[in-house]
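One structure is given below, encoded as structure tokens.
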Amino acid sequence: MTYTADEMMTVAAARTLADGAVCFVGIGIPSTAANLARRTHAPGLVLIYESGCIGSKPSTLPLSIGDGELASTADAVVSVPEIFNYWLQPGRVDVGFLGAAQLDRRGNINTTVIGPYSAPKVRLPGAGGAPEIASCCRSVIVVVRQSLKTFVDGLDFVTSAAAPRMVITDLGVLEPDDTGELVLTSLHPGVSADDARAATGWPLAVSPSLSVTSPPSAAELAVLRSLR
Amino acid sequence: MTYTADEMMTVAAARTLADGAVCFVGIGIPSTAANLARRTHAPGLVLIYESGCIGSKPSTLPLSIGDGELASTADAVVSVPEIFNYWLQPGRVDVGFLGAAQLDRRGNINTTVIGPYSAPKVRLPGAGGAPEIASCCRSVIVVVRQSLKTFVDGLDFVTSAAAPRMVITDLGVLEPDDTGELVLTSLHPGVSADDARAATGWPLAVSPSLSVTSPPSAAELAVLRSLR
Amino acid sequence: MAVITSLAEAVAEVVRDGDTVAFEGFTHLIPFAAGHEVIRQRRRELTLVRMTPDVLYDQLIGAGCARRLVFSWGGNPGVGSLHRFRAAVQDGTLEIEEYSHAAMANRYVAAASGLPFAVLRGAPGTDLPSVTPSIRPITCPFTGEVLTAVPALRLDSAVVHAQRADRAGNVQLWGITGVQKEAVLAAARSLVTVEEVVEELMPMPGAVVLPSWVVDRVAHVPGGAHPSYADGYSVRDNDFYQRWDAISRDRSAFEGWLRDLHR
Amino acid sequence: MAVITSLAEAVAEVVRDGDTVAFEGFTHLIPFAAGHEVIRQRRRELTLVRMTPDVLYDQLIGAGCARRLVFSWGGNPGVGSLHRFRAAVQDGTLEIEEYSHAAMANRYVAAASGLPFAVLRGAPGTDLPSVTPSIRPITCPFTGEVLTAVPALRLDSAVVHAQRADRAGNVQLWGITGVQKEAVLAAARSLVTVEEVVEELMPMPGAVVLPSWVVDRVAHVPGGAHPSYADGYSVRDNDFYQRWDAISRDRSAFEGWLRDLHR
């Protein structure tokens, strides 16, 4: 069965979510991965969206974090202040799922600006929920396509000091070593370590026990494609 | 038509509430008076109870601030933190209606303890909502029976620094002068200034323009008695 | 995930000797049955917490379960005093720590929010800070205004009563919901007694939902709020509150009530 | 008490030149029609406030209504960038002041609560405090922990969209209700556009009610949230959000859109 690099990334991200975990989900690939997990190995996964939806069970993928489907299928819908104060801030959430525009070798994230803050080359959307998702969840997983534009040696702006447990890309998986530096620990099928190095803006460390990610199963792909 | 001193007190208290005012109501005589006002001259009076009920329109008098009738007839029911933080604290309430176990000549209130705090003669219920009702409402009205036990020269404990706009008793009405000391400004029919002095634990100042309260009208009494 | 179990097992698991524990409820949905089970199981040295300690707390205090009470208004609503509470304070056998309602509510909010303290305007002129040293001034870093800080009210255990749970242990309550959500979120362990266990929770106006993963134990206890009430299931037994005054006032009448409870 | 009036009159009364104004809505119930009326009435020098400035703010910024933006995430949800916003920031023609969502939400809460500031744990390591000086450290008076303080977000005016109002001007909204209650309570003046004016508000699951006495103007504007949606009345016009990308990207396409709006 053929699959795209984005599909491999999404499946790999979904697999990191244990059944019964509570997951704070951003929109885009994190939301797709979380919903894939819920439809496959983790039916008891609890999805929380910053719009105030707790325990959403959408049947189709939302375009935004405020789609009606997220509210109508939720166990509870609370106000936006409450979602941050009562649910995220006290550390009730197991996994925060984040994307990134730029990422450095320690997993810090920039979603604010490319270039100087006061004279931006490209102004990005900004922080949103990410700084507190990064600091308050028990663990953080970043899902992001790997490229020289994204994997940079020095961020223009640290939006979130994410210190992720894992970074999952379209090429492989990175995890922090004892010093907190991200190390390539798995490659997706057909990707070489040199491919990963070429898409990384710093000298990428490779784990001595580098593994190969299991390809998406037919069942995973079928569910993923049915979500669209 | 005959009436009791408590009925006179309740009617006098009800008359202080302007139509359309927003009133934070404690249980007991304040609640009776507020509901009497709503059924007579002030149909647009907004009643707020600390249990979280906003705009309650009870048809019978509640025994507690958490009776089901207060919730089921409310415009909105909110949490207890919200009622204090979003509704009372910012000064949205026109009138706070309070009772008292002890009251001093400046209208400070004690509902905490008779005797020393650490060796109480009589332990009272405590502060409840009163300190913030006193400090956050635009004006405060105290409704309390007048006696040497209640109107004391020096409180055992200041629970609430109420600085009331008006104190309404079973004998008459007191209002603060320019220095903040309560002055007798009206006597209920059949009560003398000496009666009021005899029920006051400090030398009670009497207004030079002392008036006599209008007795309860037949309509006021009929509505009041129908509320029971 | 909440485990649905018997009341006796749930109380044994959730409420332990020496706990700082709240049985919350604002007139409505007071978890009387769970409190009575705590008396039956002879829990001791509890720090009882509640904004409005009422008849249930009078019973717990009279039964000797409490060492300390943290509260803002202790009375029999619409009736008068709590005589076991009053006697214990006057005798010096019950330690107390007291606040205004606004301060207590915000202490719960801070704990539910994972913050060490809460800020409120506070009430100038009150003597409360002179007897409760944890009511402290705090200065706004922007305007220089002096406001009031109170510490978060973290609980070992919280017990509340609700109308419904589903079989997964998700809990739904409505009507006057008070500070129950905050109390459960402020606690390390929580127990919810419910009127009914249903297949599916239908959305209700004004409902608060506590997801199963923030609740430890659910026990099916129809009428578990009596003499308080559960909106949609029962009405407040005002007669009982009136009758309690005489029972509570007289130590031997109270002992009789207690013997009946243990029977 | 809220006055029910036309949208044009309501906007003229509530939103004034130079205002600090929020048109709040979290994907759901965004008050597009009111924002468009602000553009038509050529309001200028606004400080626009919103957690999630989206297409409506791109339009207000492109139309020249704004001097300044206070926000936490500015994008076209699920689509990409806001090109008028981006261009204005990159050109230096729009001042910005930015926070995290948690900080913005708590700034609204503080203002709604009549407090000068809010406390949150904050996020260690972020560069936000270096560009937003009003994100400041604050020390817990009980534990000594260092947390984050942000100032209250007081508004001159707030504009929200809701499903219903009754004839007295009481407002009801449900579904994802975001920070709309807080925004209205944080504002000196407020305007609510509604899908429907009804005789009586029936209780609805999840509903937030804003009593008439905290609302200044209500305007009956069915479809007033389009291309956003009103739960129970309409669905989100995702195609419009997708199409906006091309309009916004091209200054002349945007000018064409603006001319059509003024027509």
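Letters A, B, C and D name the chains as they come in the text, with residue numbers starting at 1 for each one.
As a convention for this text, a contact is a pair of C-beta atoms (placed from the backbone, for glycine too) under 8 Å apart; a residue touches a chain by one contact, two chains touch by 3 or more.
In this text, all values refer to a predicted model and were calculated from it rather than measured experimentally.
Trainee: Just to be sure I understand the contacts, which chains border both subunit C and subunit B?
Mentor: Correct list: D.
Trainee: On a C-alpha centroid basis, what's the spacing between subunit C and subunit D, in Å?
Mentor: Subunit C and subunit D have C-alpha centres separated by 38 Å.
Trainee: Report the inter-centroid distance (CA atoms only) between subunit A and subunit C in whole Å.
Mentor: That pair's centroid distance is 40 Å.
Trainee: Taking the mean of the CA coordinates per chain, how far is subunit A from subunit D in Å?
Mentor: Each chain reduced to its C-alpha mean, subunit A and subunit D end up 28 Å apart.
Trainee: What are the residue numbers in subunit C that touch two or more other chains?
Mentor: Counting only residues that touch two or more other chains, subunit C contributes 109, 114-115, 120-121, 181-182, 206, 208.
Trainee: For subunit B, give me the residues that contact two or more of the other chains.
Mentor: Residue numbers touching two or more other chains: 85, 89, 136.
Trainee: If each chain is a node and each touching pair an edge, is that a line, ring, star, complete or other?
Mentor: Shape = other; not a path, cycle, star or full graph.
Trainee: So, with touch as defined above, which chain pairs make the list?
Mentor: Pairs flagged as touching, ordered by label: A-C, A-D, B-C, B-D, C-D.
Trainee: Quick check: in the complex, which residue numbers of subunit A touch subunit D?
Mentor: 27-28, 50-53, 62-68, 70-72, 77, 79-81, 84-85, 88-89, 108, 112, 117, 119-132, 134-136, 157-161
Trainee: Looking at the complex, which residues from subunit C come into contact with subunit A?
Mentor: My answer: residues 1, 109, 112-115, 170, 181-182, 185, 208-211, 213-214.
Trainee: Looking at the complex, which residues from subunit A come into contact with subunit C?
Mentor: Touching subunit C: residues 20, 22, 44, 46, 54-55, 75-76, 85-86, 89-92, 136 of subunit A.
Trainee: Tell me, which parts of subunit D touch subunit A in their complex?
Mentor: 26-28, 51-52, 71-75, 77-79, 81-82, 85-86, 89-90, 92, 98-102, 105-106, 108-109, 120-128, 131, 175-179, 181-182, 206, 208, 229, 231, 235-236, 238, 241
Trainee: In the complex formed with subunit D, which residues of subunit C make contact?
Mentor: 114-121, 134, 136, 138, 140-143, 145, 147, 149, 151, 203-207
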